[in-house]
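Submitted below is the structure of interest, expressed as structure tokens.
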Amino acid sequence: MMNTRGEKTVACHEAGHALVAELVPGADRVNKISIIPRGVAALGYTQQLPTEDRYLMTRSELLGRIYVLLGGRVAEEMIFQDVSTGAQNDLQKATEIARNMVTQFGMSESLGLVALEGQRTPMFLPVPTQGQREYSEETARLVDEEIKKVLSEAHNVVRNILSSHRKALEELAKLLLEKEVVERPALQAILGKTDDGHHGDGKITSSRGEPQLASDHKP
Amino acid sequence: MMNTRGEKTVACHEAGHALVAELVPGADRVNKISIIPRGVAALGYTQQLPTEDRYLMTRSELLGRIYVLLGGRVAEEMIFQDVSTGAQNDLQKATEIARNMVTQFGMSESLGLVALEGQRTPMFLPVPTQGQREYSEETARLVDEEIKKVLSEAHNVVRNILSSHRKALEELAKLLLEKEVVERPALQAILGKTDDGHHGDGKITSSRGEPQLASDHKP
Amino acid sequence: MMNTRGEKTVACHEAGHALVAELVPGADRVNKISIIPRGVAALGYTQQLPTEDRYLMTRSELLGRIYVLLGGRVAEEMIFQDVSTGAQNDLQKATEIARNMVTQFGMSESLGLVALEGQRTPMFLPVPTQGQREYSEETARLVDEEIKKVLSEAHNVVRNILSSHRKALEELAKLLLEKEVVERPALQAILGKTDDGHHGDGKITSSRGEPQLASDHKP
Amino acid sequence: MMNTRGEKTVACHEAGHALVAELVPGADRVNKISIIPRGVAALGYTQQLPTEDRYLMTRSELLGRIYVLLGGRVAEEMIFQDVSTGAQNDLQKATEIARNMVTQFGMSESLGLVALEGQRTPMFLPVPTQGQREYSEETARLVDEEIKKVLSEAHNVVRNILSSHRKALEELAKLLLEKEVVERPALQAILGKTDDGHHGDGKITSSRGEPQLASDHKP
Amino acid sequence: MMNTRGEKTVACHEAGHALVAELVPGADRVNKISIIPRGVAALGYTQQLPTEDRYLMTRSELLGRIYVLLGGRVAEEMIFQDVSTGAQNDLQKATEIARNMVTQFGMSESLGLVALEGQRTPMFLPVPTQGQREYSEETARLVDEEIKKVLSEAHNVVRNILSSHRKALEELAKLLLEKEVVERPALQAILGKTDDGHHGDGKITSSRGEPQLASDHKP
Amino acid sequence: MMNTRGEKTVACHEAGHALVAELVPGADRVNKISIIPRGVAALGYTQQLPTEDRYLMTRSELLGRIYVLLGGRVAEEMIFQDVSTGAQNDLQKATEIARNMVTQFGMSESLGLVALEGQRTPMFLPVPTQGQREYSEETARLVDEEIKKVLSEAHNVVRNILSSHRKALEELAKLLLEKEVVERPALQAILGKTDDGHHGDGKITSSRGEPQLASDHKP
């Protein structure tokens, strides 16, 4: 095989994102996967089809986003004995979602119905939060613990999903290295299932962008 | 039913606010509930009739505000197996009231008659508090503990209120999905009780705004 | 009675300030009490007659100021089953005096003769203290403990004073609701004692301002 | 006696500074004491005669400065049952000297030969130290402990000095109230000892200024 | 020998960098080593041949960079009884890589898949990270522990590598002192192995710059 | 004797610096000692002869600098029962070197090969370090402990050196008070040893400047 280690890593990483997006209940369907580099940072992307604009997101939809974000990294863990820096942006987004679940949305058992910061930057923006922390070190420790719990449980969920579909993961990565772009029908062929009928304007999200999850199409 | 999950969530959420406002002693009566989206953030609103302008608020009135604010989220908890991000703003306001009770109004047993910050932003404004914390980490821990206690007890109170009126909650949410706007008479019909005679200029507060509670009309 | 709960609260609150000022050794005599609202924040005021300009204040004079400041809140605690937000400003001033006693004036047993901040804002100004804390967390904890002790003991003192004069408190509050303004003779009639002869330019201090205590006229 | 409590406090306070300055080995001799108010803050002053310009100060000279600074407050403690705010500035200076002994001059056993801040404001200037603390909380706790130890031991020393000269203290305070200004001969008469021959340009230091201590004239 | 201690230190230091770069799997091959001083700070440099541009780096490649960075210091430890300040810049870079592995790339077992800072300065830039730390002291302690673990294990690895090649290290340092510049063939002669065929534009990195490691040429 | 205490302190202090510089392996030889005041801050100086420009310094050379810096203070401790403020600047420099050894140069056993701040001010500059601390409180405690250990061990080393040469110390201080300037031959006569042949442009360093240590002339 003539592919560099970098190309193999990107193909594996995108295949991980795409498979988790297909397999997780409530995630937007995958329209296209590409490993053609775009610009300096985006080495590949997975394009999902959003099915409904929404202002509200549920706890399980937020978890679904985290699952898809971790899919790239977990795929690397499974295929190589080594992991790469390619997950940095995914981890930032997944951590930010977990943090908002705990500190803004009252979705943590141990912290309860509370909003721990008066005002934060708009969710999913890359600007870091500045300003004086208003709560105690003890509460900060609880927040960190809850974020870690959300992410650690998500890590397990994604590992289970991809372990059960390891053959599909390897086939999809291989196809990506061969073709560089994989469209929905080929992805479905690999997963051996038919399209559930969604169509729409594919919103392109690079592997460093955030996948769009559909909320109303749980099996 | 043709409603999206988002619409159902908003109807349930507003029905929760409205029922708690009707059922909590001393809260302003509800004039109108709407789930017609207004602007980008407000997905619905519950309009209450303030009965008296006031500069002073009592401890029980502040708790009443917290109850109404938590009503939307608790309704979601009861109707769906999932909760949404729709409570973010409500939680911020409820936490801010609880914080002021503890740090500014001397309403916490364990901290006593003390004002823990020299000067804060005007209550209920969305601007976060900045500036150097003057007290110790130990006091910060006590403050967090007291805030958590206030909110946790309020959570229980609201759960009890809405559990005892679950049928009304479901009916009101269903009516909202059907009509999009519900006026006071229909709300009263659902609750099976008559108006206690309040009239006034309905001050419209979106589901993200703060409900107005009347102070002098406790049963 | 046609008075609103808010008016009753203000009358009770001002009556508490005024009675403590009359009964605490070394406080300035009360000239006039009013519950006619002035401006947006001041709902009432108690006017005291300062008897001597001073640059130095003694420990017991500082405690006397704290007693008068807490008088409004303690009166509310005694008369109503509920307390109001009306004490916020009083608590800020009482806490600031207690803090200065501990950190600036060497009046705390456990911290001893020490000045814990290099320079603070002029005492009693509403500007909060900014700047890097120079001492350890352990010392900050001791400071908080001492402030709490000063305020907690003052709370008890004021409760005892007003408990022993509950009838006067209720009568004064009732008179205030009736007349809106009560002058010194009427106050003295209620307390059943004669003026101790002080005259002077009555310095008006709103219920949110700081009472002036006379230092040299202890009984 | 027609003097106000404030005047009595100032006379007592200045008498305390002056007596300690006379009685502590190595302090500059006292030239004049005055309780005529000057400006808004200085209620009195004790003028000492510096006997030698110096750039170096020894540990015992620094302690001597602290003793003189605490003299005013300790005199108040002994004469009245109450203490006043008049020592605020003295405490700030005494604390600053103690802090420099511990953090800059390597004069603390438990911290040893170390300089804990890179650069501080010039000693004895009223500008507070700003900037990020470079050392750990544990070290900050040790620093606070050592400062407290220095000041607490100095408190005891000064109490012993003034207790042994209580009669002189009362006489000097009384004379000050009577004459408002007391020159060296009268002070010496009270202490019953002769001048040890120092002359010089009396550098006037208000009760809020720093006393000058002579280093080479220990008995 | 007429060389100064400083020259001997630089030769030893560069020989350490170069040998580790040759011996660690996946590091870029060494093209040239020089101890001719350049400018004020760079006392020598080791020039490596990058073999592939990459955007992704794997965990083992990041570790390889750390090994090469520590090579200079470990060589000093082995040859002299004393170590020099020459490793300051290497340690900064190695620590920064270790920190990013732990806080940005999810490569730490105990912290898991998490991104601990929202946004950091571009990796390997000399600008220090500013801004409010968002996580708790407990998490900060874990981060420090993990960084220490990464660096401590790397220290052991490099010690083992250079211990097994001590003769080559001494010979290379001696040759450098003699010739001042050593090219690849001479280095290979010392190591007794042949070039594995890489050619390319040698990117010069001073002993204070960061060595380039090739990722795809593991034995 | 007509010398003031201040002059005696300066002579003793400079004699301490000079003797340690002569007796510590690897320190630059002393060319001249003076106690003629220069400007407002420098009360005396010890001039050393640097023998080699260097960019690298070894651990033992850094320790040698600390020894010479502490020499002045230790001499005061031995000769007088009292210590002076004259060591403030020496302590700042010694602490800064110890801090750099621990946090920048990887010369601490317990912290290992790590760089704890991204970028610091150039070593030995008087500008204090600003900026957010990146590591945990636990690491800060370890850093303080290591700095204290370095300085405490250095204190012992210097005490031993000067104790073994107390007669020379007293003679040198006496000669300085007599002559105000002492050149190398007189110093050597006191120490009873011959020059080891170094010549060079004497770089004058005041007692508040940093002594230059030679690195290549260990006995």
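Just so it is clear, A, B, C, D, E and F label the chains in written order, and each chain counts residues from 1 on its own.
We adopt the following convention: contacts are C-beta pairs under 8 Å (C-beta built on N, C-alpha and C of every residue); 3 or more make two chains touch, one makes a residue touch a chain.
In this text, all values refer to a predicted model and were calculated from it rather than measured experimentally.
*Asks:* Chains in contact with subunit D and with subunit E: which ones?
*Replies:* The shared contacts of subunit D and subunit E, listed by label, come to F.
*Asks:* Treat touching chains as neighbours and tell me the shortest step distance from subunit C to subunit E.
*Replies:* 3
*Asks:* Relative to subunit A, which chain has the most distant C-alpha mean position?
*Replies:* Comparing chain centres, D lies farthest from subunit A.
*Asks:* Give the rotation angle, in degrees and rounded to the nearest 5, that superposes the C-alpha atoms of subunit A onto those of its identical copy subunit B.
*Replies:* 60
*Asks:* Rounded to the nearest whole Å, what is the centre-to-centre distance of subunit B and subunit F, using the mean of the C-alpha atoms as each centre?
*Replies:* Result: the chain centres lie 68 Å from each other.
*Asks:* Measuring from the mean C-alpha position of subunit B to the mean C-alpha position of subunit C, what distance in angstrom results?
*Replies:* Chain centroid spacing, subunit B to subunit C, equals 34 Å.
*Asks:* Quick check: how many Å separate the C-alpha centres of subunit B and subunit E?
*Replies:* Each chain's C-alpha centroid was found; their separation is 59 Å.
*Asks:* Could you list the positions in subunit B whose residues touch two or more of the other chains?
*Replies:* If we look for residues of subunit B contacting two or more partner chains, we find 131-132, 137.
*Asks:* If you connect every pair of chains that touch, what shape comes out? Choose line, ring, star, complete or other.
*Replies:* It is a ring, because the chains touch in a row that closes back on itself.
*Asks:* Round the ring starting with subunit C, subunit D following: which chains, in what order?
*Replies:* The ring, traversed starting at subunit C in the subunit D direction, is C, D, F, E, A, B.
*Asks:* Note which residues of subunit D are touching subunit F in the complex, please.
*Replies:* By the definition above, subunit D touches subunit F via 52, 54-60, 62, 104-107, 111-119, 131-132, 134-139, 215-216.
*Asks:* List the residues on subunit E that touch subunit F in their complex, please.
*Replies:* 4-6, 9-10, 40-41, 43, 70, 73, 80, 82-88, 91-92, 94-96, 126-133, 137, 140-141, 143-144, 147-148, 151-152, 154-155
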